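When the chains are written out, they are named A, B, C and D in that same order, and each has its own residue count from 1.
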Amino acid sequence: MAERRLRVGILGATGAVGQRFVQLLEHHPWFEITALAASSRSAGQTYGEATRWILNTPLPEALADRVVLPADPEALAGTCDIIFSALPASRAREVEPRFAAAGFPVFSNASALRMEPDVPLVIPEVNPDHLALVRVQQKRRGWSGYVVTNPNCSTIHLVSALKPLHDAFGLEAVIVTTLQALSGAGYPGVPSLDIIDNLIPYIRNEEEKIETESRKLLGRYTGDGVEFADIRLSAAVHRVPVTDGHTEAVVVKLKRRATLAEVKEAFRTFRGVPQELGLPTAPDPAIIVREEVDRPQPRLDRDAGGGMATTVGRVRPDPIFDYKFVLLGHNTIRGAAGASILNAELALKTGYLD
Amino acid sequence: MAERRLRVGILGATGAVGQRFVQLLEHHPWFEITALAASSRSAGQTYGEATRWILNTPLPEALADRVVLPADPEALAGTCDIIFSALPASRAREVEPRFAAAGFPVFSNASALRMEPDVPLVIPEVNPDHLALVRVQQKRRGWSGYVVTNPNCSTIHLVSALKPLHDAFGLEAVIVTTLQALSGAGYPGVPSLDIIDNLIPYIRNEEEKIETESRKLLGRYTGDGVEFADIRLSAAVHRVPVTDGHTEAVVVKLKRRATLAEVKEAFRTFRGVPQELGLPTAPDPAIIVREEVDRPQPRLDRDAGGGMATTVGRVRPDPIFDYKFVLLGHNTIRGAAGASILNAELALKTGYLD
Amino acid sequence: MAERRLRVGILGATGAVGQRFVQLLEHHPWFEITALAASSRSAGQTYGEATRWILNTPLPEALADRVVLPADPEALAGTCDIIFSALPASRAREVEPRFAAAGFPVFSNASALRMEPDVPLVIPEVNPDHLALVRVQQKRRGWSGYVVTNPNCSTIHLVSALKPLHDAFGLEAVIVTTLQALSGAGYPGVPSLDIIDNLIPYIRNEEEKIETESRKLLGRYTGDGVEFADIRLSAAVHRVPVTDGHTEAVVVKLKRRATLAEVKEAFRTFRGVPQELGLPTAPDPAIIVREEVDRPQPRLDRDAGGGMATTVGRVRPDPIFDYKFVLLGHNTIRGAAGASILNAELALKTGYLD
Amino acid sequence: MAERRLRVGILGATGAVGQRFVQLLEHHPWFEITALAASSRSAGQTYGEATRWILNTPLPEALADRVVLPADPEALAGTCDIIFSALPASRAREVEPRFAAAGFPVFSNASALRMEPDVPLVIPEVNPDHLALVRVQQKRRGWSGYVVTNPNCSTIHLVSALKPLHDAFGLEAVIVTTLQALSGAGYPGVPSLDIIDNLIPYIRNEEEKIETESRKLLGRYTGDGVEFADIRLSAAVHRVPVTDGHTEAVVVKLKRRATLAEVKEAFRTFRGVPQELGLPTAPDPAIIVREEVDRPQPRLDRDAGGGMATTVGRVRPDPIFDYKFVLLGHNTIRGAAGASILNAELALKTGYLD
């Protein structure tokens, strides 16, 4: 491992996901935050001034007085070795390529480039081999750096749970209904008057993201691209009055017959590359299976595995398809900042940050 | 119509559903509350003393000083002509038959007898003809009265929405995921510590009720019983921090092809017997179709049609089955007390209360 | 009363308070909405398009297709007889005087002009005589119209409850701690992430408004101004996760001794000019006193008197001052739109709209 | 310190506060849980079976299979050295004396014995010398063990904040209005239907506890009793929809003049015996002063100092008394189990557990 920690710059550092990057990296063994960048509105202020801190651990004192930089490669040149991006999609589409072109490895939580054919969309437990796509990307675009993305917050937990089933039994069809937390909408996000004693059966573009990203994640790396998995997916999404933790009710149709015990066993015994490599942010186990009739629940289970695990419960036969279950995971840790960090850990350990 | 209003006794009058009966009947044109009955713990107190009133309209003054009676036919003899039952299932199983045997027509919201072969389970818009089953019931059991039931609070809105699709296109399979309100659990019901910033992916027996009651409701009355509808159903239920109003995400597979426009048209033009007869509690329309991307929502739509309508939204094609949509309805009005009242109105207007 | 209804224009008609004006005036016997005005962003669209309707009764159909006008007197000339203003303070300060100058009687919920010496700040039950200040205002400013204001949403219920005590026993000091609803912050207002499982012990300028407006309301009209009441007031305000209904814990020091029974009697027997005149929007009684140990509560009591009453409970001796109690009232009905409407009703009935 | 950890028994181990004891003691350097006791309903089951675990860290694995004992001294004889009691008051009144008589030092969170003249009511930062009262208690009652109590959850944070002001300037009068969390009512506690979109302006006996316990805590130990502090106190309490963290709005009248800077300085520089002794559970600082206009807030500040600190904010002059401020603290950590543990740590370090 590196003798000294890699220097990290965070784009969009003042927002909800940016704050999670700051929180999760505060004591990271391999990475050290050396640059905080945000919109021109914030640039020039200290991080403490520019940030409306919304997490329940304090803003790290060492960063409070750090001056926020503008989110462009010139401003960050020499300040850091790699980039984590918490930019909104519209900004990311324009800014991230400029950082990659300037030589930075960019680990992005933004949706902007996820579906680009030469941009890896990676969950280290699911498709670590897709990381190789950065070489295709660099060649094609002439970049010395690159962009690696992670999926959207509801997709990541869904696909984490689907992976062992797909490996063991083959997935034919998946119907997922989500009950998603408020922090998924960022800050300020959902107005309180819209959600107290209420729920909203709609999140813009979310169903599309789940249905398409999942197929790329479970797809096959061909050496110069990804062949999407041939799985039919249908998603219906809802916003509920929960601060953190997405819940998803899933029904699956399998290609091969499986007993209930085999399905649970597939969840329980699942280990991915991050667990094998002992990556610092990797949860172990990656998937927690609960047997209580009323779990998982957001407030009780979202912090499992430091917010990096996916918890599965109520695994049971389905009268129409084969099995149904409910899953839950933290949407701004594993579902956002933690996902990018784990991607960077994988990249470092597998030679993509040398 | 009757020159004087029918006299009504309410069993379980002090509980959450009992209070709804009291509220909805306060100004009813055909029915007048003349007897309030509850458990032996409450009997003997005034209704005002015995009731922890939880609705946001005041406890009707005229009833506050009424003495609560014990829930047995002897105590109510001569005080009322028909019975509404808001008893818990375990009590209902024992008490309701005794009232029916004693000659009372009983309109029950309890689940106890719903699935008995000779007990009609009725939604007036869906299967008004099943009411005739009371004659079978009377003959078989030797009762001068009878018991009519209405479905559980999530089933009733689901089946109300399914009915026009089943009529027009035939239903092959239905997957429903519910987000159910707290009042469905009665009072005191769900502890606040279990549900603030949380949700619970489980409600005891609810999935079973949805899956079986629906098939009886959409079944065919054969003259001496009900032949269940041959529809495959799968339900996954969740309790969410919403006071009133059940939301349900539905995916349907149809027997015959239908365009999106035809599906919406089926919802929109649906009229049932209650609408034709102009029953006092019948909503008109019975089904409201909303076109906004983010409706229905509990706080905005649960009171539609006086809490008696079912609101449908986000009707859209489904990539696996045929169509998906979200529906919402009030769970203690149409989903409980209002359902029993509408059943009684139907019974009165169609000669079962002569 | 007027043979035809007065024609009403609403400024800021698309916002949270503007919607309440629309809702409360839909079936008003004296007023009829003929003009809807809003910011230039909304002007030109239909009211249905421009409004994100957040109330749980439907947007009145008759208004959905009405074209929204810009909020200036030229645009509204000839369309209406009086104006209700739901403008934000910064806009109100500039726009309302222009309407008054153009001859419109303006009934404003905005804080902008409340503390102007020649602008009446009125609660009809408390200081109806202050309305005469409009004549001073017109003379001083050369306006043919005028501006009448109502107090802020927490002040109005506080002063409504203080009035009978001040009349009967004299108020020396008042300490009030508020627990205020989210709708008081308008829409979008408070982000949900800031308030789920949380509260905020701060609302900008609110403590100052309570402390100063109360003294003007309870002050004496001198013929050309208002002599503020000599009462010491201290306010501490909090935002809590409640949609509607402000709760206020009050401790009062009286000038004259009073028994607990006398204090309650003062609340109970209080009647103001609106009750005497039978104004259509006036609640009767204006103050409801509850004896249960745990009332008032927002969800149970905010709609008392159609949202126009103030409910008082837990009246009890205080070990330091004289008495303490808790009060509750609807903050966007009596605390905003309803207050302006009642002011207009008073003005109409007492000759200020002839 | 002790070479081996003291063996600890917990009474009421399955309840909400009992769970907090288990959670907080899991890795305690001085204490080790060796006995779990609960009501006869739970006794005989394993702790895992008997407990509906509601905390968001897992039930400690090492305790899941431990058999729950009945809460009587015979059953616990030989199993532990000291007792923590999370019993409800009615049980505590009967059970705790029996444990003390049997030789156990009992550190109780129950209210039952708090106001007994010979039972110390202790906050280690406030009145550590009151602990000596156990010798009076032992002599008077002939017990070889003793009972030490900690105050109620809202009193403890109030008095922690008042202490530095009382020391520095003398307190004459205190008016406190609380906004209390749901976990203060235990489990199941407050029904969700009573508190979603609502608040309750009442908690049984809570105002009395605050008003009397505070005077004992700030009183003077006389060698054989406690002379209550001569401070006038008035409390008004409210239950709000917050899971954990009590907020309190406080107005104080001081005996000696103090500037705002001096008041803040008194809070900031406050250190008590636990901080001097470096007790393991002691927060340092004990009082956190925040300068943001909108802090403290439950979700952001309740876990400060591991849930053991009291956070003070919005310190400002009061127009009637001298100063007002808002304080916040965790009600089941510092406000319950953590308070008892800190008392036991104090007792151990100061020779009462030898």
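We adopt the following convention: a contact is a pair of C-beta atoms (placed from the backbone, for glycine too) under 8 Å apart; a residue touches a chain by one contact, two chains touch by 3 or more.
These figures come from a predicted structure and were not determined experimentally.
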Centroid comparison with subunit C (C-alpha atoms), farthest chain: A
Between C-D and B-C, the pair joined by more C-beta contacts: C-D
Distance from the mean Cα position of subunit C to that of subunit B, given in whole angstrom: 40
Rounded Å distance between subunit C and subunit D, as computed from the means of their C-alpha atoms: 43
Contacts with two or more other chains, residues of subunit B listed in rising order: 54, 194, 196-197, 241-243, 299-300
Touching residues on subunit D, where the partner in the complex is subunit A: 54, 56-57, 196-197, 243, 299-300, 302-303
Footprint of subunit D on subunit C - complex, ascending: 173, 175, 177, 179, 194, 197-202, 204, 211, 232-234, 236, 238, 240-243, 247, 249, 251, 293-300, 313-314, 318-321, 324, 326
Subunit C contact footprint on subunit A (complex, rising order): 16, 54, 182-183, 187-197, 241-243
